[in-house]
Amino acid sequence: MTYMPPEYGHLLPRPFSIFSADREKGEVSILFEVRGRGTALLAGMRQGAPVKLLGPLGAGFPALQPDSLLVAGGVGLAPLAFLAASTEQRRTLVYGARTAKQLVCSPAELGLPNLTVVEATEDGSRGKRGTVTDILPGLLPGSRALFACGPQRMLAAVKGQALQAGVPAWISLEERMACGIGACLGCAVQTSGGYRRICRDGPVFPAGEVLFND
Amino acid sequence: MTYMPPEYGHLLPRPFSIFSADREKGEVSILFEVRGRGTALLAGMRQGAPVKLLGPLGAGFPALQPDSLLVAGGVGLAPLAFLAASTEQRRTLVYGARTAKQLVCSPAELGLPNLTVVEATEDGSRGKRGTVTDILPGLLPGSRALFACGPQRMLAAVKGQALQAGVPAWISLEERMACGIGACLGCAVQTSGGYRRICRDGPVFPAGEVLFND
Amino acid sequence: MIKPDLRVNLCGIGLESPVLAASGPFGYGHEYLERVDCSALGAIVVKGISAQPWAGNPPPRLAETASGMLNSIGLQNPGLERFLAEDLPLLKGAAPRIIVNIVGCDIDEYADVAAGLDGAEGVDGLEINISCPNLKAGGVAFGTDPAVTYRVVSAVRRQTALPLLVKLSPNVTDIKVIARAAEEAGADGISLINTLSGMLIDTETGRPLLGNTFGGLSGPAVLPAALRMAWQAAEAVDIPLLAMGGITSAEDALQFIMAGARAVAVGTGLFYDPELPGKIVRGLAGYMEEHNINTLGQIEGIARRGGYANG
Amino acid sequence: MIKPDLRVNLCGIGLESPVLAASGPFGYGHEYLERVDCSALGAIVVKGISAQPWAGNPPPRLAETASGMLNSIGLQNPGLERFLAEDLPLLKGAAPRIIVNIVGCDIDEYADVAAGLDGAEGVDGLEINISCPNLKAGGVAFGTDPAVTYRVVSAVRRQTALPLLVKLSPNVTDIKVIARAAEEAGADGISLINTLSGMLIDTETGRPLLGNTFGGLSGPAVLPAALRMAWQAAEAVDIPLLAMGGITSAEDALQFIMAGARAVAVGTGLFYDPELPGKIVRGLAGYMEEHNINTLGQIEGIARRGGYANG
């Protein structure tokens, strides 16, 4: 959770995934998109201004196995880039967005030489024209696991494709948060085991357990 | 009225007196003291940041007459410095505060060669030890008018002294404001003519009309 | 491309714009009309008028709160006679439509003010403020009791054929029964919300900050409560709603319209930004263009009907 | 120099600090106790417990509002049995005092939970949340009717000798009659306020933003309304008050104490800053030193007695 500087009044903290971490320097970075007031204020802060963080929180992706497929939609790239950096094995990232502008990071910027990035944009402005779900059918057969983060509609579709192909899948979910540590029960998601807390029981859940309501 | 920058959330505008104005350059300056959240935020703004102003509003001091006495408490200096700058005549300013620190401006900084400044601090850390009301009895007899701005307690005392000495006095009042233009009736002060609006009927009133409630 | 039509009909008052100035913050209008461009306003609801002049409450009358403010003006006003002689002439012509808010300390006073305004040229409608303390019932506000609400509204209704809005107090357990009482007594529309009762204490003096101890809370802080009451009132009655409470953007205004309001008013928001009405109107037009909406009637109450089909 | 004594006695519960964690935001306590220093808290009021587990409301359950938030958790909780078996043991010892908030969908359920907690080791007191919808009365909250309030509180009182606080809903016309009904039924103290009913609409979908349409408004936005109700409750009853609603600073806490509260609780403020309780306690101590106050009893309700003599 990222606490908002108090000069802006009372704002709830905002949850972000860890994009990269340098354990030696004790630094973490986040990759974020401006969506509303909170992210606009964060984006407008001067360089070097202090920001209070609480974390890491909750349960992330399980360890990467060989032949894993990573799937990111837009800024959902953040936790997958972090996951990809955790191993030197070869792996493939399918990275989609509406337009090239929403593909916030280029493969080169990620600096992960063993990562093959397949880009897709709905308008064809970069990579293949289409959505990640147009690309997955070709890649799922050879994969042993799938890890995904992105908009809910994408995750629901990816879940369906992975289940159908018999590939175990983990997805990272989003919901509005208040405490971030599992106390307030505000970030519930409906699962086969009842409501679970995205901030503490997740944000990553086995795809098969998540019940999407649309 | 000074409108607060919207990134800080919804804050009412803050009223300030004009401290100086350069008609050729079209510039005005204000002199302010940090009292609460609004003034702290204004003080923290980076140089050059835009601030929205509405003004000038209301009725200021009448034109300075010869042998006028100006009386300022703390940051109440602002409208009196502006008044003093309106004429080249010789005039005297009695300028008081709790300590030297609250005497926000030195006579030299005012840059008004014809102004005699008599300073007073309650702790004696600059000028005479005492309050402006200790000094006024010596100066009132020769004066034909008095103009004052400062804390309410000071104004109430000054009013009493001026009336007793038979010197016509005008005082500039403060109250919390919302509209600043006379519409909301929020900034009422009790006068011999009923409630009047400080923002539009004032902030300057003939001292004799103002009914202080303490 | 669509040219959005922002006109609405509020209880028979044809408005060029669905954004009004709420009663109180805008005073009697001329102060704002002098200083800022008010052409975006569909109507001005002038500050409450009583039969006799009211002096108002002792200062301080204002305090700032988190995303809001308290006021305890105490319904200070010049009384009906001076309003008609001095204020109304300044407004006529200069203002768009004029709705006059009326207050009273007993039912007769409400009725008298209504009678006095009924024939007045330039008055397009009345809004009864039933949040006033009922002096004959120990100072409890008229608008907290459905039976008293019914009596006040009926008494006013008998005095006037003008479009009649009834402005509800939010300080009630069930806004629906009050809204229904007003409708049954002959109101043409419901206005809501008035201010939420609140207070602050000055910890340096250990005393209430406002001269009157209690004041009315308004501004963005109250928006969620106001929107909930607008939603409930829309459920309870069939007459149109004029909704307000914390509106400071086109998006805020849209929320009230989607909950069921015909038009909206801005009060405290004018203090933050006197140019707010124009900004809201431009924002509404932009939204309508983007979403292919011709008239606000298409989205009035849409949230009560399941929202956009595939939103 | 004065060494301020921050201890207070709340209905027989001796507290080392007058700052409590409000029911709900703090969950069952262990999540916070694991992560942040909670030593400044006088007590933890745990989240509402019913006889049977409750599933809670569909998401989204949270929304941010101007200086506040809406929640519609729907009183999700594991039920009495699992609370006693799993949560209470984790709290005992780790937490300062423990007050358990109880909820029910009918009067019997309230009584059953109270009976089940009565002998439980580690439970220092009970707080009855009467803002729950009364399923037998069409979902109207128990706490909006003084007669029903009286019945719920009496039923619980018969089951327990533990100190008993009754937590009032702010969504009422007159908080004083509800507070009096609770006192007459045997409450040892009054807690207030619970959340104000509110809602938001998502203008992109045209639908209510919360899965449950309505939610409860909390945070600094509601402070003036909460303070007014604390003031009124203090006027109405003789039993102590635990006050809450938007507290995010020592100054806020002082306002409630000066209005008549024995102790205060923080809810939403914990989300903005989990270290808030310690900051408030240090702020209170600093204020007491500066103003030469030994115990909070000296300023409890001072604003109701004219404030400081020469403030």
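A, B, C and D label the chains in the order they appear, each numbered from 1.
The rule we apply is simple: contacts are C-beta pairs under 8 Å (C-beta built on N, C-alpha and C of every residue); 3 or more make two chains touch, one makes a residue touch a chain.
Remember, predicted model here, so these are calculated numbers, not experimental data.
Shared contact partners of subunit A and subunit D are B, C. Most remote from subunit D, judged by the distance between CA-atom centroids, is B. Interface comparison, B-C against B-D: more C-beta pairs in contact at B-C. Averaged C-alpha coordinates put the centre of subunit C at 33 Å from the centre of subunit D.
The centroid of the Cα atoms in subunit B and the matching centroid in subunit C are 36 Å apart. Chain geometry summary: the mean Cα position of subunit B and that of subunit D are 46 Å apart. Centre-to-centre spacing of subunit A and subunit B amounts to 57 Å, using the average Cα coordinate of each chain.
Of all residues in subunit D, those that touch two or more other chains are 66-68, 219-220.
Across the assembly, subunit A contributes residues 9-10 that each touch 2 or more other chains. Chain-to-chain contact here is organised exhaustively, every possible pair of chains being in touch. Every residue of subunit A that touches subunit C in the complex is listed here, in rising order: 9-10. Put simply, subunit D touches subunit B in their complex at residues 66-67. Across the complex, subunit D is touched by residues 65-68, 70, 144, 171-174, 196-208, 213-215, 217, 219-225, 227-228, 231, 246, 251, 254-255, 258-259, 287, 299, 302-303, 306-308, 311 of subunit C. Within the complex formed with subunit B, the residues of subunit A that make contact are 7-9, 41, 44. Remark: subunit C residues 24-29, 31-32, 34-35, 47, 55-56, 58-64, 67-69, 71, 73, 76, 219-220, 248, 268, 270-274 touch subunit B in the complex.
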